[in-house]
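Letters A, B and C mark the chains in the order given here, with residues in each chain numbered from 1 onward.
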Amino acid sequence: MIEIKHVSKWYGASFQALNDCTTAVARGEVVVVCGPSGSGKSTLIKCVNALEPFQKGEITIEGISVGDPKTNLPKLRARVGMVFQHFELFPHLRIIDNLCLAQEKVLGRPHDEAVAKAMKLLDRVGLKEHATKFPAELSGGQQQRVAIARALAMDPIAMLFDEPTSALDPEMISEVLDVMVDLARDGMTIMVVTHEMGFASKVAHRVIFMDRGEIVEDAPKTDFFGKPRSDRAQKFLSKILSH
Amino acid sequence: MNYHWNWHIFFEPNPTGGGSYLDMLLSGLLLTLETSLAAWIIALVTGSIIGVMRTLPSKPANLIGFSYVEFFRNMPLLVQLFLWFFVLPEVLPSAWGLWLKQLPHAPFYTAAIGIGLFMSARVAEQLRAGIGSLPRGQKQAATALGLTTAQAYLYVLLPIAYRIILPPLTSEFLNTIKNTAVAITIGLLELTGQARSMQEFSFQVFEAYTAATVMYLLINVVVVTAMRVIESRVAIPGMIAGK
Amino acid sequence: MFANFDFDVIRRALPYLFLDGMAFTLTLTALSAVGGIIFGTLIALMRLSGQKLLGRIAGLYVDLMRSLPLVLVIFWFYFLVPYIGQWLTGASRPIKVGAFASSLITFIMFEAAYFSEIMRAGIQSISKGQPAAASALGLTYGQSMRYVVLPQAFRNMLPVLLTQTIVLFQDTSLVYVVSIPDFLGAASIVGQRDGRLVEMYLFAALVYFTISCVASFGVRQLQARIAIVR
């Protein structure tokens, strides 16, 4: 469904953020991207919905090229849900309006329909009673669950998560991961940048390990956790699993 | 457009008998600069005293500073000039009033003092903010060394605070220059006033105002450049200069 | 000092001062603020658009306006607007423009430069993640500005915008230089007619002072409330 072919990206002339990255995410597949900070994993996932431009290679979503200037990006992005590290709820809108804005303005859904959809999703993430509050009145974990619901309200064909739990206090991580596990078990196509290896071993199909802008390892979950082929991945795993 | 441009007008003699129209504008420019400088000195001195008062740990000093700033900030400059020019001589004991009315160059003195006091409230606010932005430890360290409050201000707080507020002071100085144009209403023939008279004598409206505009732009460029030089001269190595 | 202070001259002039003068001043202030904020926001968007030429033009306009005394700008527009009107309508001679329309155009154009700087700071204060989240949901650039960025920028900058409006309220008194009877102009007319400048100017000062004080007090309250909500 998502095809990433030979993607390279430079910041300015000198710094190469991505180097010839190739991978794919099939329908219903859950792919975890991990790697040390600065390895390019967040950059790669942001290239998928063109929030970051890239200079070389091609990314397609259901055959539609992301880098093609003729592609209607808003339309394409509306079909791919994204969840950010810092939630990025719109602070001036109530929770319910955060969920309805794009449904109405992008998909053209009637207000009543958008509200019904929003309430259903808020119920699903366990936050129905907070619908009329403002984002700042919610905890970080609750805000992130709202952000997931906001993305789901667009009926996405795939979901991208960019370090969804790394800005959260430890006690709030599991409530967000639970929602993500549910999603995975429902068969959603998911690409997620995370260090939560528990989540990876529970629901991921494949794990991608990145370092210095390159995809160093791209393997089924059992292979990756069993015997990573590269030194760098082994070192990384031993560091984050030793605690 | 059926407007008749005549750029040679500047070199034709003006009806006041003092040289060409250009000479008229240049004398206005000179008066603008003189008035601005006089007003700026008043603004800096008075504004500094009031600004320091507002940061002192004394209730009465604070209250006086606050009232002063509110008084000068909440009336249009034009109204303040009218108060000094038309009202003050009438409400003073008659001998004083008479002396004031017979004072030569009354518009100049009124403008310099009136604009100076008006701007002093703004200088005071800038200085208060500058002192307020210093870490509290600075004053405590100065006091711990045995400096009196006055010494702490003189040798520690003010030298840093003035450097910090140099950029906003530059724009307050530019405001002072622009504000001298308001003194046209009490008969000061500064740059805008002379452009106005040139327009009335010669009917070459747009030439007159274009020339004045160019001169104001030049003043701006000179002041901004000069302040940049001063800023870099007094900059403390290692301290980031404010933008 | 107030021995021969004539309160009655003020009382008799009250209807004229407020129904004509102050009405003019307040209408001019309100409409200029609204127009200035709208036009200023457009200028700010031009400067932030990333289009080099557009940004350059907007920047030059702002710098020009901010370098000139308001009095000079009032003179400029007072004489220029009839010619612009002629050019726009294709009339054979400069068209007559009323005092109110002329002042309104002047103040919108002038204040837009100052409002644009406020709105620009407001837009830049919004974290980059907000427009990114809006795009990720499929909103276009225009939609993201309109529904996500601008409402937040406007809300964050509201106290500054209102403070600038108080400055604008005081600045409108400068229409005096083209003999337009705003509140101060009305006071001046009465004062000169009755030979009572002292009373009229003191009263005008008191009125401006009271309105500005109350308004800035209101802005401070609002600022405190916004600080709590955030």
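Here, contacts are C-beta pairs under 8 Å (C-beta built on N, C-alpha and C of every residue); 3 or more make two chains touch, one makes a residue touch a chain.
Source: prediction; values computed, not measured.
Relative to the centroid of all protein Cα atoms, the closest per-chain Cα centroid is that of C. The busiest chain interface, judged by C-beta pairs in contact, is B-C.
Centroid distances built from C-alpha atoms place A farthest away from subunit B.
Distance between subunit A and subunit B, defined via averaged C-alpha coordinates, is recorded as 56 Å. Rounded to a whole number, the gap between the C-alpha centres of subunit A and subunit C is 46 angstrom. With centres set at the average Cα position, the gap from subunit B to subunit C is 22 Å. Here subunit C touches subunit A in the complex through residues 127, 129-130, 132-140, 143, 147-148, 151-152, 155, 229-230, going by the rule given at the top.
Those residues of subunit B that touch subunit C in the shared complex are 1-3, 70-71, 73-80, 82-83, 86-87, 90-91, 174, 177-182, 184-185, 192, 195-196, 199, 205-206, 209, 212-213, 216-217, 220. Contact residues of subunit A toward subunit C in the complex are 49, 51, 73-82, 84, 86, 88-92, 101-102, 105-107, 136, 150-151, 154.
The touching residues of subunit C, counted against subunit B in their complex, run 1, 64, 67-72, 75-76, 79-80, 83, 86-87, 92-94, 170-171, 173-174, 176-177, 184, 197-198, 201-202, 204-205, 208-209, 212-213, 216.
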